[in-house]
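One structure is given below, encoded as structure tokens.
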Amino acid sequence: MENKVKVCVENLNVHYGEKQALFDVCMDINQNEITALIGPSGCGKSTFLRCLNRMNDVIDICKVEGSIKIDGQNIYDKDIQVEKLRERVGMVFQKPNPFPKSIFENVAYGPRIHGLAKDKTELEEIVHTSLKKAAIFDEVKDRLDETGTSLSGGQQQRLCIARAISVNPDVILMDEPCSALDPIATAKIEALMEDLKKEYTIIIVTHSMQQAARVSKKTGFFHLGNLIEVNDTETIFSTPANDKTLDYVTGRFG
Amino acid sequence: MENKVKVCVENLNVHYGEKQALFDVCMDINQNEITALIGPSGCGKSTFLRCLNRMNDVIDICKVEGSIKIDGQNIYDKDIQVEKLRERVGMVFQKPNPFPKSIFENVAYGPRIHGLAKDKTELEEIVHTSLKKAAIFDEVKDRLDETGTSLSGGQQQRLCIARAISVNPDVILMDEPCSALDPIATAKIEALMEDLKKEYTIIIVTHSMQQAARVSKKTGFFHLGNLIEVNDTETIFSTPANDKTLDYVTGRFG
Amino acid sequence: MNSNSLKISNENLKRRLNAERRFKFYGVIAISLALIFVLILFTNIISKGYSAFYRTLIEIKIEFNDKVQPEMFKQMSDTEINKLDLYSFSKKNIYSNFPDIEKKSDKKKIIKLFSIEFEEEIKTYINKNKNNLGNTINLYISASDDIDQIHKGNYSRDIPEERRRVSNFQLSIYDELVGQNKVKFEFNLPFFSRGDSREAELAGLGGSLIGSFFTMIIVLLLSFPFGLFGAIYLEEFSKRNRFTDFIEININNLAAVPSIVFGLLGLGILLNTFELPRSTALVGGITLSLMTLPTIIIATRASLRSVPPSIREGALAVGASKVQTVMHHVVPLALPGSITGTIIGIARALGETAPLLLIGMVAFIVDVPSSPLDPSTSLPVQAYLWNDSAERAYEEKTSAAIIILLSFLILFNLIAVFIRRKFETKW
Amino acid sequence: MGLITFFLLVLFAITSFYLGYFRSNRVRVIEKQRPFSLDKYYGYYLAIWSVVPAVIILFAILIFDGFIVKNYVLSEFYSQGIDQSEISLLFTQIENTRNGIKLFNSEDEIIVNAVNKLNYIEGIFDITSIITVFSVSSLFLLYGYRKINLNFDARLIVEKFILIGFFLCSLIAILVTVGIIFSLLYETVRFFSQVPILDFLFGTNWSPQRAFVRDAADAADIENAFGAVPLFSGTFLIAFIAMCVSIPVGLLTAIYMSEYAKSSVRNTAKPIIEILAGIPTVVYGFFAVITIAPFIRSLGGSIGLDVSSESALAAGLVMGIMIIPFVSSLSDDVISSVPQSLREGSYAMGATKSETIKKVIIPAALPGIIGSFLLAVSRAIGETMIVVMAAGLVANLTANPLEASTTITTQIVVILIGDQEFDSPKTMSAFALGLTLFVMTLILNFIALRVVKKYTEKYE
Amino acid sequence: MSDHLVESYDKQLELINSNLVKMGGLVEQQVKDSLKALDDKDTEFAEEILKKDDKIDNLEKEIYALAYKIIAMRQPMANDLRTVVSALSIANDLERMGDHATNVAKRVANVKVSMPSQSISKIVQMGDDVQNMIKNVLDAFIKMSEKKAITVWDSDIDIDETYLSIYRELLQMMADNPETINGCAHLLTIAKNIERIGDYAQNIAEDIHFIVTGETLERKSDNAGQWEDLDIKT
Amino acid sequence: MSDHLVESYDKQLELINSNLVKMGGLVEQQVKDSLKALDDKDTEFAEEILKKDDKIDNLEKEIYALAYKIIAMRQPMANDLRTVVSALSIANDLERMGDHATNVAKRVANVKVSMPSQSISKIVQMGDDVQNMIKNVLDAFIKMSEKKAITVWDSDIDIDETYLSIYRELLQMMADNPETINGCAHLLTIAKNIERIGDYAQNIAEDIHFIVTGETLERKSDNAGQWEDLDIKT
């Protein structure tokens, strides 16, 4: 039941000014799977992730070389429109970052700017569906016009997930989405991810090896900007091919 | 080989303004042992720890009731001088916080303000001994006049430990001393603690149950400001008497 | 799944991208406007003022006669020479440089070509060269402000004569002198040393420079220590309660109170109640100190606050007392920030005019003050005063005073930036 | 005497320091135990005992000695029954004579005598005061010295003393406010005792010199002369013009700087724009008079408008320029303090930059931005030099920006510049205007600071 | 089994437990069946039984994999950790029980029809007791009942006694009828197998006790051997 | 053992390994001694051997406690996790090997002096082979050599064959000389014990293979039994 390749990264090199953050990274990411990225702090996981929806464009000094193809289309081509790209590649951040607006507006924001809804009812439907998919609808349905920041951390993060899926993306990127959450909220998000992967391709950066082991099908290990190894999660955590990976997963990193 | 009781806390109640942070905490802490404090975030571990050297005095709204006796002397007595107390009860913090001065000056500061050294040579000796005890002397002996902040995180933390023991305390309090460190540095600090307990009584707050299990002889579990259970570490992590403790150590906290 | 390509842009997206471009364009316009303002302001002032830094001199020949002989100066001291009355001698000698001019009224006009202090200048020349004076000497003396302006090209000659301050006759003489190569420019050193004057060519910045200097010293001496210590108390020691909240709000408000209100304070309290001497740098300094104090307190508190609590905790935990902690660790780290704030505050005080007007530092003061208790003006007030004068030459002087003022401010700010860069700590 | 006393005091302090230092050291050696504090604290302790009382006494002497000396010197004149005002003139004369300033050629013998007397009494005063000061100090020193023993913690006392000093410093800010309010209120109350407050606030005619000229002969005239409405209207007109310039330019600049500009652009443009804030207002005033006003005038002339040489427009425009960096840097701070995560959240949804700014950042930062506007308004209202130099001095009630109009601040300056007669309602009216200004800006600042503070705390 | 586990921790622990229970059930069945085959001397049925052993083996592997995953993913502590680690040894024991039961079935064919049914029925009797032990130990496991576990633990002594008497009887028979030597040797082994199954049930009871209380019951070190010795000496 | 562990992770893992090696050494000695006792029919020596079993049992408990601690404290992953979990089963196997060896020693007294030394020496021979296996498997463990482990694994087949021949011989002897029945029954059990020791060595080899490679060797499900059956039929 090997899935189709959704994202294909080839020879990705990323520089921040003088400093090279990624070296010749090549990686295939399968559709409807959860792929985890692990590695020590500063190894380039976030950088890699942010290349996938060109969030790195925001940083002046960041230079990206190589190709990243989503469904065969290089997203770094000249005539690619980032707005469109980001519509298709959603992102969820480390710290929950709902807009300081109402819960409804938070989720309606994306469909609005992209003109996805013809009218009010359609918009409402999109919002409701997204909230349901993000498994938070029941908790907030009675207070859609309270501000998003009034929710608890875990709820906020699920709201952000609802926001991300409101524009119906193919791929969802998550950068340590649970690191600011307590174990219970984390468990909820993990369960949610499992649900979401049926519809979306999910790529998650995590610091917790246990989390990677729990949620992902494939895992990639980064070290000093190199993608050392990418393989089935089971293999990575039981019998990794590379010694560095082994040292990392067994906590012997030096 | 039960050790003598060094610190005896009785009916400790702490309020931050309206909010009560600790409820009737009673706890005996043995000499020359490592005692670990665990518990979910915000349960009052740090508050408890900071009562032991009256660091909470710094916070205006913090009110402490009850008695804490160190060697039989209540440290909250009127005629106790906090400076003297803190000379005897050292503290190491979560984030390494060396002064932005030279390594030498970092360690020499305590002895200087307490007038522990008669002259330069004596001061130097104190500094060297402290650095040696903190197992960092060899790494820094050639650059004692470099600034303390130029060291790596782990080294900085050991420098802070050296600073704490430079005034020859009886008790050392550590508030999550390794949470900002990588595993290697953590291992070093843990080894160091094992060494230090021969001379000092150590109380450590930690978020990592594994760390508590590794280093401590006794462990206290806090929950919502109550000391739920305190017992041998082995017991706490294998067969705790209290269901809350069990839920916490097995990660089932709700 | 989204089948549409990442490239195909629909109407909606095109519209959005256009909006984006427009918005960005507005930003560029705004910034350009601001920058253009700066540019215009500086070029305007520099172009108006740079010529004040040199002055016009006209060469004349002086012949000594029986009554006034070179030898007699050799024995005399400087003061004795200065006390001599050489006015008519000088005047005659100037006339003799223009032998063709006969009419008395024309002669008067000739004299008007020169600075009113021509006698002094001749004396100064004699003083300087008293040991090797020949029977005739050629020296340059200052032109009058009008000729100065004309020679600098600041003053149009095309204006009809009746509205011009220089007559056609004078112009022709001037042209003749230029033709003889007898008119030259020189760096205008006296501009920096002289006090104010009703005669434009004689008016200098010296008095106001010294006045400003005294004022700033007082501001520094008063506001820095009080600001620093007050800030330390508020930030590090005061318990949070109504009273300290009140002080806090009070200080923040004080920093935004219009400067002229401080002038009223100076007038009402310092002059009227304490009866301190009017128009002096002392009162000006105190007034400006009070104005600067909140700035310094705020800057110092900000930099105290930016010292991480972990440093404090580190010191407290080895048994340092609170005072020791603050004085040994926190203050040294906050000092660069505090000093930067102080410099910037002082720079602001240096440029401040309004409060000084009210405490009488706006008087016409010829003497260069020798102490903070002497009546004096300050640089910006001097500029204001000159701006009020009708003569054309004062426009140039005003601009020049402003150039000097701005140079000082830029210098101060550069120093502040330097200190900030040098001691900047990222926690 | 000042300098000598000062040096003696310093010497005394240093000696006391070492006295304390060595005393503590000896105690340490003899008792073979360390005292509570470090040796140097005992030094400081004694130094404080030796200096602080001395300084207090000196201050007391300084305050009272003039009075005592004067009374002593003038005592015989009093007995001669000379008029009070003449006596003070006399004293000035005596002092002048002593300082070598001869106003009168003939030196009165009485005066010479008095001068001698003055010199004599001052000499005695100096010596006795020095002796008193140092003997009192020595007593305190002795007291302090005897307190030094093993169980005495000098550090506590020294630190308490330092704290008191710091506390006094922090009180100065309050004193300043009290001073402001006192000085303004005092004259204002007197003013309103002559001019009804309502006439001041709602009168439309402002011509204080008229009241002055007629020497307050006609009470009705006085009332009519102090209607401040034209000043208020002028102030607000100019402030309005200034805000019309500075808000759009400043806000857009801030947005561009924080969101669009490359760091290289930002690093050069930002300091340049901030120069605008550092330029003294007198410079702006000059610029308005010399460059902007003639420009507007000729521009107006070319389209057939009659623009007066001093116009609200010129002043307002230049003031607007001056305030640009205020608006822009405050707004910039506020916009930058919107967490990056919000921005990224919006970009990640596929929003363009301008959409992010308009729909996420500005709404999030709005309170702060409004706060910065209010501060800018307060600044514009309180601005003095530009309006003094460029706006005109005539109070005319008009909304036409091309005409000259005057402001509160201008009138304060106009009234108080040069010598004033302190009892005239004209002079006092300036203080009333000052108080009005103070209250207006205070309210604005208070609201603005609150708003900004609340806003910044939100994202901390 | 799904390629990776997404259910929550508790579900994983439950799965490990239910697998153990399932395995225990299979083992119980296996023992029962082989005893029936022995009783009926039904060779065909015995052959069938042999095939079922694979199921047990696979379940053991599954439990192992699961325990691995839990340790790797969940950092178990306290009773969870005991559950997981004990699951490993319980699974191991169950697998051995299954093997022993299968062994019994294997030997059914070799047990001559001429064998005296008396000792066989005695063996079957012992088998029933053992089966009871298994049932009880599974019950104790499901209920996590420390008391039940102790009861099971105690009942092993009876089994051992029965075994000894069977052993003596069989030796006697061999001596009496040398032609039964081959069959009796097999019966000896069968009896030993069943006795071992009892021992393993006892082990499991120990593990349950450990899971529940965190304390170890003194593990009896193959006392059966000693009893045999005693017997031999008489 | 100290009340709690402070050595670093690696030291703990080392300790677990060294304890296993120590345990292996003890088991090897136990096997050797009991074979010697059997060969010499030295009952006194055999008694001594019995006492040593406790040591092995204690080591097993220590290893268990250690494995617990490591899992609780260190969140082992990958090969570390395999090491720890395999340590549990290796320790279990070693303990069983020790038990079986002790069993051999126990029976020495019952082996009549009159027993034919031929079968005894054959058993001892098999014992030597098993001892060799143990030695090799320990070596494989120390060196973490997957190849050596496979060699050990393979060599179990020889042991099983030897066991079968001994089994046949002993049955024959019982049939021939009914008075040896009692002794031969014991020898049968002894042989079985030794064969089981070999099986356990094979298990350990499997574990080593798993630790090193992460892959399981197909666990042979008590083939010995089948072989016995084959024999009986002939």
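Order of writing sets the chain letters: A, B, C, D, E and F. Residues in each chain are counted from 1.
By our rule, a contact is a pair of C-beta atoms (placed from the backbone, for glycine too) under 8 Å apart; a residue touches a chain by one contact, two chains touch by 3 or more.
Note that the coordinates shown come from a computational prediction; the quantities given were computed from them, not determined experimentally.
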item	value
Target subunit E, source subunit C, minimum contact steps	2
Contact distance in steps, from subunit B to subunit F	1
Pair joined by the larger number of C-beta contacts - B-D, A-F	A-F
Interface residue identity across copies subunit E, subunit F - same or different by half	same
Mean-CA-position distance for subunit C and subunit B (Å)	59
Whole-Å gap separating subunit C and subunit D, where each centre is the average of the chain's CA atoms	20
Mean-CA-position distance for subunit E and subunit D (Å)	95
Whole-Å separation of chain centres (CA-atom averages), subunit B against subunit E	52
Overlap residues in subunit E, where contacts from two or more other chains coincide	9, 68, 72, 74-77, 81
Multi-partner residues of subunit A (each touching 2 or more other chains)	83-85, 87, 113-114, 210, 237-238, 251
Residue numbers of subunit D (touch at least two other chains)	352, 355
Pairs of chains, among all present, that meet the touch criterion	A-B, A-C, A-D, A-E, A-F, B-C, B-D, B-E, B-F, C-D, E-F
Of all residues in subunit A, those that touch subunit F in their complex	209-210, 237-240, 246, 249-252
Parts of subunit A lying in touch with subunit B, wherever the complex brings them together	40-41, 182-184, 251, 253-254
Subunit D residues within the subunit B interface of the complex	34, 36, 38-39, 153
Contacting residues of subunit D [partner subunit C, same complex]	155, 159, 162-163, 165-167, 169-174, 176-177, 179-180, 182-184, 186-187, 248-253, 255-257, 260-261, 269, 272-273, 275-276, 278-283, 285-287, 289-291, 321, 324-325, 328, 352-355, 357-358, 375, 378-379, 381-385, 388-389, 409, 412-413, 416-418, 422, 430-431, 434, 437-438, 441-442, 445-446, 448-449
Contact set on subunit B toward subunit D in their complex	81, 113-115
